[in-house]
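Listed after this line are the structures, all set down as structure tokens.
Shared between the two complexes below is subunit A, which pairs with subunit B and subunit C, respectively.
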Partner chain A sequence: MAESQVAAGTRTGLMGRLGERHERVHLEQYSYDDDIVRKFLTVTVVWGLVAFLVGLIIALQLVVPSVINYTTASGSQPFAFLTFLTNVPFLTFGRLRPLHTNAAIFAFAGNAIFAAIYYSTQRLCKTRMWSDRLSRLHFWGWQLIIILAALTLPLGITQGKEYAELEWPIDILIAAVWLGFFGTNFFMTLKVRRERHMYVALWFYIATIVTVTMLHVVNSLVIPAGLFKSYSVYAGVQDAMIQWWYGHNAVAFFLTTPFLGMMYYFMPKAAERPVYSYRLSIVHFWSLVFIYIWAGPHHLHYTALPTWASTLGMLFSVMLWMPSWGGGINGLLTLRGAWYKLTDDPVLKFFVVGITFYMMSTFEGPMLSVKTVNMLSHYTDWTIAHVHGGTLGWNGFMTFGMIYWLAPRIFQTNLYSKKMAEWHFWIGTLGILLYVIPIYVAGITQGLMWRAFDQSGALAFPDFVETVAKLMPFYWIRVIGGTLYFAGAVMMGYNVLRTWMARPAVYEVPVLSTPALRPERIVRPTFRSRLGGNTELGHKGDVFIQNLQSAWWHRVLEGVPSKFIFWTIAAVAVASVLEIIPMFAIRSNVPSIASVQPYTPLELAGRDIYVGEGCYNCHSQMIRPLWAETKRYGEYSKPGEFVYDHPFQWGSRRIGPDLAREGGMRSSLWHVLHLQDPRQSSPQSIMPAYPHLLDDPLDFAQIQTRVRVNAMLGVPYGEAVREGKAAEMARTQALKLADEIVQADGPKGLENKQIIALVAYLQRLGTDISKPAPSETGTDPAAAASAKKAEASRTADR
Partner chain B sequence: MSESMTPNESLPADPLTDHEYDGIREFDNPTPGWWYWLFGASVAFSVFYLAFWHFSVAGWTIEEAWSDDQRAEFVRVFGSVGQLKTDDQSILQQIDNPQFMTIAKAAFVGNCSACHAKDGGGLVGVNLCDENYKNIKNPSDIFRVITDGANAGAMPSWKRTFSDNERVILAAYVASLRGTTPANPKAAEGQPIAPWKKTEK
Partner chain C sequence: MRMSDVMSGLGLAAFPIAAMALFLLVFVGVIWQVLRKSARAEFDRAAMLPLSDSGESDPAEAKEQIR
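This part shows the complex of A and B:
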């Protein structure tokens, strides 16, 4: 049997033979593996609850600091017990926020799409998954990854790039599980299918699998410095470009394409209506896949990224509006004539609101990517509101709808309570609104406050913390909204649990029979020109258009997965190459600055702490060339300042102020006291406290390895530093700095504590640009000379 | 199966394709015209945008716009006075210019208040409101300390953050804080010095 399938598969591409008749009909018997769907669905519910709960905790962390010091008239501090949310190292915002985003994206949404794919692919291909063993390896491997993430992120083990924080051993595991287990199993299932043509849901699954593999591998390239630490092979501008090419397309190919596939299967199933338009599916699939991949640089408008890349990011985002909406209208119009079904079906309610949020987000996205709009929205909560409209509304509600539709079918019983599902819908919708509306207001408020001037031409709100304190009421409403959303998910968990408890003792496994895949019989339609008197070329053109519109050629493509996969890879890879290669190849993208020198060994160790604590979650290091911004933070950032930054730390949200020019702005003692308890120096601050940095010893021994890895990546450290002097140099610098702090009446004995490295790093930030260009401590004079030479030849190039 | 797709009276009368997958059917509707028009419009906008900003002489860069802002700001604030002098009397005179004092106050709150408190009462940094000073005898010393820093970097240099004129009016603002009453004054440090002597013109 298998042999005949393969033979049939190889013949399909040959149009000439398609007319053959096959008289005998072999019926093949098979059953679906629904056990794997039950597994993925269960963990979707569990990890969803975890992701939402961590989100709720970090939302609380942004408001708790504003009340912990509240003292009543009688002198008691009723909220003091919440202090642990602001100063326990593994619970700090900087470590938990990556846990929240990773859990929501990869654990909740990830398992949801696996449940959808395993259920629908088998049915759309009329076959069992190719390998039950690979299905299980995929399931358990993915759960292992999630658990490793939940352990390492709170410990501060991170690569410091958003949504790609997991360290290199876990990254390797992800690649193995995703492509080795999941991808292989999926593609082999397509190969052994019994349905000739692939339905549109499968196209989106294909795009998901190939593109996520590409993004993950390229963005995760690092050189390890031990099991728990690595440095990105890219630096500064290029690292930022690669990261947001990844970051934006994680949204595209992890949170959009698989969910569109999910929609294309479960929406018509739940509505019991045909999909609105097959031809629209084709147009919006290919335009979406081709255009999405370019849009990443819109996360970096007005940064040190070259303007041409920024413009490409914006324009492709604008052009992405209609391709995105194509999916939305195809989903919503499927309900034509069936809208009445919404009144008593919670599944359709979730789907309709989910698709509506998708369409709102995919209109808002292009709008936010327009540079002038982004000028206001960037670094503010506007982005946070935008993201949560998409995730809570689109990903969350599509998943909930799917779960309520699937649970009775895979547990082979009735849903425990439809009424509870209805309540979940309403409470969840209210939760989303109470989340996003105040956060939109917060984002626009803060954005306007940052750029406001008074009549004298001075900043109207020069003290950054003023613009934070203003947001507290909105942050409180968000906590309420998040609580409602979480409560809805708890109700769903209970509902699914009770449904599962009512399952039959033994699941029924229907045995189905279908003929084996047979060669395709597509007769190429012949078109005649509809034009009257015209040139030969005109007639040919009209025939071509008719061919294009009739989509028969796409029908052929749908029958040959290998070709379909090839064209999908081409669509995403060509676009990526066209954007990324010039960024690395054209030197004028990052004009070098002679005075910018590598970090000293101590500063590098401090930078590792900065990355590990997740400071980038709240502090940007990128001053845009905007008057209000340079007025507040100093000279705008130049591309050449970041050439030794592995990874870049530009950040995406300013919950705290920008730190690009922090060096030398305040005394080192101020930094020590501020890190120990930010509310000592700035009572309205909502930053976590880091008292442990004053106690925890700095590991001087590992500094040597880390310097060496950076040297391997091309950071011009001198020979003395490379060959064993790094720790010694770090100790010398630490002693000097600690002494300075003592001279200023600060705490004693900090010379071997972590804080000294962090303060050394902070005092270095953004200072090189205003220095002359001498060779500094630890820099190889020969390397510096050759760099100068290279710079001279570069200048000559231009 | 309950989810089979039997067309009923409320099903639109559009033509169906002959596709069927696990009971899912597809209509053969064309892509809506407005979809093509809006997609075309977004492409046309992109071509125009690219041509204007990257391939014509009419566009300008954000850095150029920033430089224009900087020039305009200097002309607006300091245009009438030109380069300010840094001697004691010139600094003290600026206290009488309310526009300069508003600007200097914002700069003080944004950059100095972390260590000296918003009202100058002192935190990690010294109290600027009392009669005692560490490195200062005259107003021009304030300008010097702001420019070069003091106490081995505990007071940083602000040379690269503020222009000369900005440091003059900042020094004037700090001088004006003397004798005011802060909310939480830090204990006096350094030596008491003679009052500022302003010579009337």
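This part shows the complex of A and C:
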């Protein structure tokens, strides 16, 4: 059956070539839109440079605080001029780090994906993009989003969820541009294609578009409280689950599947031979689509997430290793019999090292998702090293390779300098190694220091800052590695610029002709049971098996993109829904704690500042039930403690200590002075200084709206939602706290400054669990104690 | 009454396990389907698609050129 279908396919091809002799075949003429590819390729280079530069700045910010106070024998401070990197509000690490990640993922990798898709889709479908106008709308819309991100993130306008920081108006724009312009254009192009078989790269693109839409929409559901502020509709554990379902799958479907599509198209192009095994590429595709979507909870091991969810995440992560390596090997073996080409082709060098980094990252990822490894690696630089191996190595090098391959073709001239591209390759590779190796060492060093104990059973390094100061040499090497990688990208920028300058006055636009795709009628074959003397069920079963084997149904699926898309959506959506629903559905997942109460209006305002400043980029709020953590930070975190946290702020990296039990640990004055200049109280600290919080006025008027939005989301604010009540409560609490600071010989006049709200919030963190539960007749310590005991036994069961 | 109250009454705890089994089954089906022998010629043709840039040529031609 399959053979006859192929024969039919070949006949169609023959008829195409012999069109003039066959009256029924009509050749259609068309040309490719390469202008849009030129546009996306150019901005890929530009935004890449921006993303790497911001990365370099934030890498510097982690080392600069350790030298700004360095004084020479003659009394001068040679590095004092760098202080601006630590205390200018819009340049602080907490605000720039999201800018770096967003620029690298959505601006650099994003535009690279679009360049690849617009180039390859047209050629694989033998058609021009469906709509030139939608292509342009997509291009300019996406650049607008990037510019809005570059403006809002340094201003502290953020939703406070990693890689999903952009506020709701930009989120809406993203959905419109991604699905409305890009998605529509792409799917309509598939519909008008002239090649029946959809090449595997297209499948990866489909999965990308469909899944990113779903992830983005579900994770960005918020209730706005003004144009620049919103609250996630999810809270605490559920928000964490949704966020890491998003975060993990953003890596899968933004940084992996589209780049695999790129690999499956451009690697054969550069190697001038077909992919090693097309069959393996299909297995690769379906394995990723089926398995990846389940793996998100591995970001939340030993947190307040239920054990079953994180175990499921771990299992599926380990399962991912095989298809990933299968795909990687498939990419590398495309060079079979042509390895000699590597020696003088920088494009292939970039691809081979890129794929090697893909394989390293996809081995390391499953390993890090194993709970016992994760216990050590989580919250350390190990994660940072892992991520940069993937992005600098896989995404970066695949993009560079593609750019060097594409630039001479779309600018219709020779590459300005192949030698410079070779240099870029070697400098870039050295840069990656100098980045990741010291950061691995830093991660493991810090992880081991956190859990080290002395003969008496006490923590060996009780002062957190000791474990940070130890990392400074590694952080310096990272700056060097980052500089090299950036330098390589600058060389590429120059190379592409000079190539562009040598372009012809008018680009040649070849006109191609291909017969239109005629509707293929797939006849469902009829089968008869091959079994003799069997039950009715046996005969039916045999017919069913023959039907499956003949695979006529799969050809139907491939021929009609809408059905293929439907099944892809089904695969990712069903997995997602079934993974997430129980999270919301099973009451025992989040046992409520009676003593946990909503934040006061002032604390809520303080929390908004905490989110806006991006404190979560360095401070976690999640103590895992591990000896070293409870010893250092106190009682481990319970799911019920986060029920009013819109959004959750668990964090993923501890550059500073965990803050889940910060409340009441230190005086309010200490917090004020520490925020004003962290190095006053802790000379080795690398935290930015926030002197502006002591001057900037707190906007009491807007607190009312924010309390109401939280009330709308189910936070029991009671009286506080009444007009004017929230501001009044906030002022009363602010006065009391400011007075306490003055009593302790602190600065005066803080009662209407932003810092008072932030300190109020910090002093509240993690304190509810040890308070008695409120009851209608007043506090009843006995009832509270028994409630606490019940909670403790319940969580112990987990 | 909150959404989670409604949903907690539905007894959905068995769903992830059922879904996992379902997924595994479909996945095994896909693998089996891909690995069947008869698909080879079809896949060989598909693999040549990126290499046939000029609109009218059949992918098989491009393959001959390489050999």
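The criterion applied here is as follows: the second predicted complex is superposed on the first by the 709 of 798 C-alpha atoms of A that agree within 3 Å, B and C clash if a C-alpha of one lies under 4 Å from a C-alpha of the other, contacts with A are read in each partner's own complex, and residues count from 1 in each chain.
One rule holds for everything that comes next: contacts are C-beta pairs under 8 Å (C-beta built on N, C-alpha and C of every residue); 3 or more make two chains touch, one makes a residue touch a chain.
Since we're looking at a predicted model, the values are computed, not measured.
Student: Just to be sure I read the superposition right, which of the two partners does A:287 touch: subunit B = first, subunit C = second, or both, or neither?
Tutor: A:287 contacts both subunit B and subunit C.
Student: Which holds for A:279: it touches subunit B only (first), subunit C only (second), both, or neither?
Tutor: both
Student: So, A:254: does it touch subunit B (first), subunit C (second), both, or neither?
Tutor: Once the two structures are laid over each other on A, A:254 reaches no partner at all.
Student: Touch test for A:514: subunit B only (first), subunit C only (second), both, or neither?
Tutor: After superposition on chain A, A:514 lies in contact with subunit C alone.
Student: In the overlay, answer first, second, both or neither for which of subunit B and subunit C A:311 touches.
Tutor: first
Student: Going by the contact rule stated at the top, is it subunit B or subunit C that touches a larger number of residues on subunit A?
Tutor: Touched residues of subunit A are more numerous for B.
Student: Classify the contacts of A:714 with the two partner chains as first (subunit B alone), second (subunit C alone), both, or neither.
Tutor: In the superposition, A:714 contacts subunit C only.
Student: With the two structures laid over each other on chain A, which partner does A:268 touch: subunit B (first), subunit C (second), both, or neither?
Tutor: Touch partners of A:268: subunit B and subunit C.
Student: So, A:632: does it touch subunit B (first), subunit C (second), both, or neither?
Tutor: A:632 contacts subunit B only, not subunit C.
Student: Quick check for you: in the superposed arrangement, does A:425 touch first (subunit B), second (subunit C), both or neither?
Tutor: A:425 sits against neither subunit B nor subunit C.
Student: Could you list which residues of subunit A make contact with subunit B in one structure and with subunit C in the other?
Tutor: The overlap between the subunit B and subunit C interfaces on subunit A comprises residues 120, 123-124, 126, 195, 197, 199, 265, 268-269, 272-275, 278-279, 283, 287, 308, 549.
Student: Which bits of subunit B are touching subunit A when the two form their complex?
Tutor: Spelled out, the residues of subunit B in touch with subunit A are 3-5, 10-12, 16-17, 19, 21-32, 35, 38-39, 42-43, 45-46, 49-50, 53-54, 61-63, 65-66, 69-70, 73, 76-77, 99, 102-103, 105-107, 109-111, 113-115, 118, 123-125, 151-157, 160-161.
Student: Where on subunit C is subunit A touching in the complex?
Tutor: 2-4, 7-8, 10, 12-13, 15-16, 19-20, 23, 26-27, 29-31, 33-36, 38-51, 53-60, 63, 66
Student: Flag every residue of subunit A that touches subunit C in the complex, lowest number first.
Tutor: Answer in residue numbers: 1-3, 5-6, 9-10, 13-14, 16-17, 19, 27, 30, 120, 123-124, 126, 194-195, 197, 199-201, 264-265, 268-269, 272-275, 278-279, 282-283, 286-287, 290, 294, 308, 312, 512-514, 548-549, 551, 554, 571, 574-575, 578-579, 581-582, 584-587, 714.
Student: Under the touch definition given earlier, write down the residues of subunit A that touch subunit B in their complex.
Tutor: Interface residues on the subunit A side: 120, 123-124, 126, 195, 197, 199, 265, 268-270, 272-281, 283-284, 287, 302, 307-308, 311, 314-316, 318-319, 321-323, 325-326, 329, 336-338, 366, 454-460, 462-464, 549, 624-627, 630, 632, 634-636, 661, 664-670, 673-674, 681-682, 740, 743-744, 770.
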